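After this come two complexes, each holding chain A, first together with chain B and then together with chain C.
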Partner chain A sequence: MLQIRGLKVAYGHIQALHGIDLDAKAGEITAIIGSNGAGKTSTLMAISGLAPITGGEIKFEGQTISAIPAHAITRLGITHILEGRQLFADQSVEDNLILGGYSRIGKDKAAVMAAVEREMDRFPILRQRRKQQAGTLSGGEQQMLAMSRGLMSEPKFLLMDEPSMGLAPLIVQEIARTIRMLKDSGRAILLVEQMAAVALGLADRAYVLESGKVTITGTGAELARDPEVKRAYLGG
Partner chain B sequence: MEYLATVAILIALYVILAASYNLVIGYGGLATVAHPIFFAIGAYTAGLLAIHTDLPPVLNVLLGAVAAMAASVTLAASSLRVSGDYLLIASLGFQLGLLQLIRNLELTGGPGGLSNIPSTIVGAARTPIFLAITIGLAIASVLAIRAIVQGPYGRAITAMRDEELAFTALGRNAMTMKIVIFAIGCGIAGVAGGIYAYYFQYISPDQFEVLQSAQILTMVVLGGMGTAYGPVVGALLLLAIPQAITFLHLPPSIMAPTQGIIFTTLVLIFLFVRPAGIMGVDSSKVRS
Partner chain C sequence: MFANIWQAVISGLSIGSIYALIAQGYYVTYITTSTLNFGQGEFLMIGAMIGLTAYVVLGVPFPLALLIAVVATGLMGIALERIAIRPVLRHVLTHSWVLSTLAISIILKNGAVSLWGPEQIRFPSPFGEEVLKIGNAGIFPQELFIIVCALGTVAAVQLFLKKSILGKAMMAVAHNRNAAAVMGIDVKRMVILAFMLSSALAGLGGILIAPVTFAWAYMGTVPGIKAFAAAIFGGLENPVGILIGGLLIGLLEQLFGVINSNLKEGITFLFILIMLAFRPTGLMGRRTVEKV
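Up next, the complex of A and B:
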């Protein structure tokens, strides 16, 4: 579904990615793990057009997308759920969702509202919070809203950056369940996580990024058994 | 009465300026200090067309707005490619440079400005007619801006201002939206300029200095930035109160500093008592 070959990203003189290869298959969860500054977020940003690509190629369903501007990427069926959730804090839960489904607003308002209802069925807590300002939600609720907002455009391919960030362990389990549910509904997911155990538990295929390079790759289970991965990322 | 009416026309024009500046800076989050120059572009375009052509005044004012809009797109499209901070710097250069050009071109009358702008409306009804036009336009622009920011487009504008990255990640083009907001705001300032030229029949570069931005910004902040009616209240208060003391018949040497002191005192009071402005909602109180 997604092929990355020799991808390089640089911010001015700082090289974030030194040419990585990565494949994400349809219907699978692909995970990227690694420490801070390894280039995980840069990889997602490069795919969604938010980071400056200096080399290499990204193909989505056979089409080269490395040169497509960020706002047009969504239309291809890719949605990026950003790190730190980035909700529109002063706007209501409902408005946040509507903004996520924008590409249909104006054309078909009823379809947008139907999608809002669909997302509220997915996360019933959002229905209870419908008119509440997004900034007043709890961390877990905010993550659910961020996911829902991204799902409004019914993406085929979901980029998720640190969905567990700042959440209590119990909530992390709930988010993990949701991610698995999204996979079961047929979506491909590229997941970036610092919580390696959670990511590897979910992943069909996983990549370890270190200083902008892919160092280890394999299935989620293989990586979970890998002594190097265990030592560096799983605390054992 | 003539004097009061002129003050009212001036207030109405500043309501238009403050409301359009609020659209750009308060809703769009676009930092610019070039609002006076777009006011000037509207005024000079309409003024020059009135002097040199036989086009109808309404068309001249509209062409002034179009010129201001076109200039604003040039500024925004070039500087916003770099960053939002760059717009602030570029707008300062644009304001200073273009005003310097106006001050030195023969066409625009140099430092002496343009006089002899034909009076399109003559007779005793002139001032009342201008008063009606400017108040009508002020109401129309405030309501039009309100309609923009409270509709679905407004939801998107706020989202773009508050979380640009997420806004882009959701598939929207923030750049285009910024340029459009900037162009609308500056075009409205251009309309105010055209009316200004026709009413006063005389315009000079000194009336469009960069410091005007500070005054308009104060109106916006004091009234309530990012609120529909804040700029109206701000413009009224900041122009009416200093004007009111002119009736005390103080000598000019005392009058000017007194007006300055009133202006500054008002700003300081609001800074402490109502930081979000008169019409603004203090979010620190709502959240707690």
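Up next, the complex of A and C:
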């Protein structure tokens, strides 16, 4: 579904990615793990059109997307759920969801409004908070809203950056359950996580990034057994 | 004396609502791009001159002349974004937009002088010059028209930003560019829209105020600065504060004008200096609480 070859990203003189290869297959969860500054977020941002690509190629369903602007990439069926939720804090929960469906609201407003209801069924707390400003939600509620907002565009392929960040363990479990459900509904997911154990438990395939390079790849289970991964990312 | 004060209040609200109108233009470009068009006053002037040409010279009906002025300045706003904003914003941490928008304002002033001459030209009010008696004050109907039209437009802009999908998308860009982009919102197009809206608001202000102040190439400079004061004074990211700021500045200068018309602007700005010393972020500076 997604093929990355020799991808390089640089911010001015700072090279974030030094030419990485990565494949994400339809119907699978692909995970990227690694420490802070390894280039995980840059990889996702390059795919969604937010990071400056200086070399290499990204193909989605056979089409080269490396030069397409972010808003147009969303229309191809890729949605990026950004690190740190990045909600529109001054706007209501409902408006955040509606804006998530912005790419198709001109064509079919009824479908967008139906999707708002569907997301509120997925996370009933969002229905209770419907008219509240998104900035007033708790961390867990914000993550739910961020995921729902991302799903409003009916993506085929989801990029998720650190969905567990700053959340209590129980909520992390709920988020993980939702990610698995999304996979079961046929979506491909590229997941970036600091919590390597959670990510490898979910992943069909996983990549370890270090200083802008892929160092280890394998299935989620293989990486979870890998002594190097165990030592560096799973706490022994 | 009482009649004077009452008259100053109406005039103050009238001129103040023009400041508020232009200042809303500063607001929309500031929230979407963190830049201001320091040529807003000249867009006001262009609105007045185009309105004058259409209404007086060509004899077009006033509502149509108003529409022409607003559309023309709106289109010039698109050009402004392309020429003076987008090229300099390629570098994130630049303040070159201050210079580039001032450059545009000087070019517009020069252009206006060569096109329309340097004289002050009378712009007859479509509502006539007959003075209305309200209480014992004499008021021009144009002044009332200005208040209704300018405040109505400010309300319409707020309604657009809060209620329409396009307006909500523009606010989303203002709040978080990256998040807006991954929702499928074309950020570049929203920025163009912001400059178009901002310039059209100034253009509308121009054709509204010209019957009161006359139309001429240098008419925009002082209102541009006062609208800037209204925007800062009100709190640049707070549309309600900006509205109050504009009306207050208009009221203050007209009321001080009753006492001493030579000192009215000096006293008004002295008042603003004192206020800023107590509230550096303005009257209603933004204080939002955001959970992380």
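Everything that follows uses one rule, which is that the second predicted complex is superposed on the first by the 235 of 236 C-alpha atoms of A that agree within 3 Å, B and C clash if a C-alpha of one lies under 4 Å from a C-alpha of the other, contacts with A are read in each partner's own complex, and residues count from 1 in each chain.
By our rule, a contact is a pair of C-beta atoms (placed from the backbone, for glycine too) under 8 Å apart; a residue touches a chain by one contact, two chains touch by 3 or more.
Owing to the predicted nature of the structure, the values given are computational and were not obtained by experimental measurement.
Three-chain overlay on chain A, with chain B and chain C in a clash. With both structures placed on the common chain, the touch criterion links A:91 to chain B and to chain C. In the superposed model, A:166 makes contact with chain C only, not with chain B.
In the superposed model, A:142 makes contact with chain C only, not with chain B. In the superposition on chain A, A:10 contacts neither chain B nor chain C. Chain A uses residues 48, 50, 69-71, 74-75, 79-80, 82, 86-91, 95, 98-100, 102-103, 105, 135-136, 149-150, 153 to touch chain B in one structure and chain C in the other. Looking at the complex, you find that chain B touches chain A at residues 152, 155-156, 158-159, 162-163, 165-174, 283, 287. Per the touch definition, chain C reaches chain A in the complex via residues 165, 168-169, 171-172, 175-176, 178-188, 288-292.
Remark: chain A residues 48, 50, 69-75, 79-82, 86-91, 95, 98-100, 102-103, 105-106, 135-136, 149-150, 153 touch chain B in the complex.
Chain A makes touch with chain C in their complex at residues 48-50, 69-71, 74-75, 79-80, 82, 84, 86-91, 95, 98-100, 102-105, 135-139, 142, 149-150, 153, 166.
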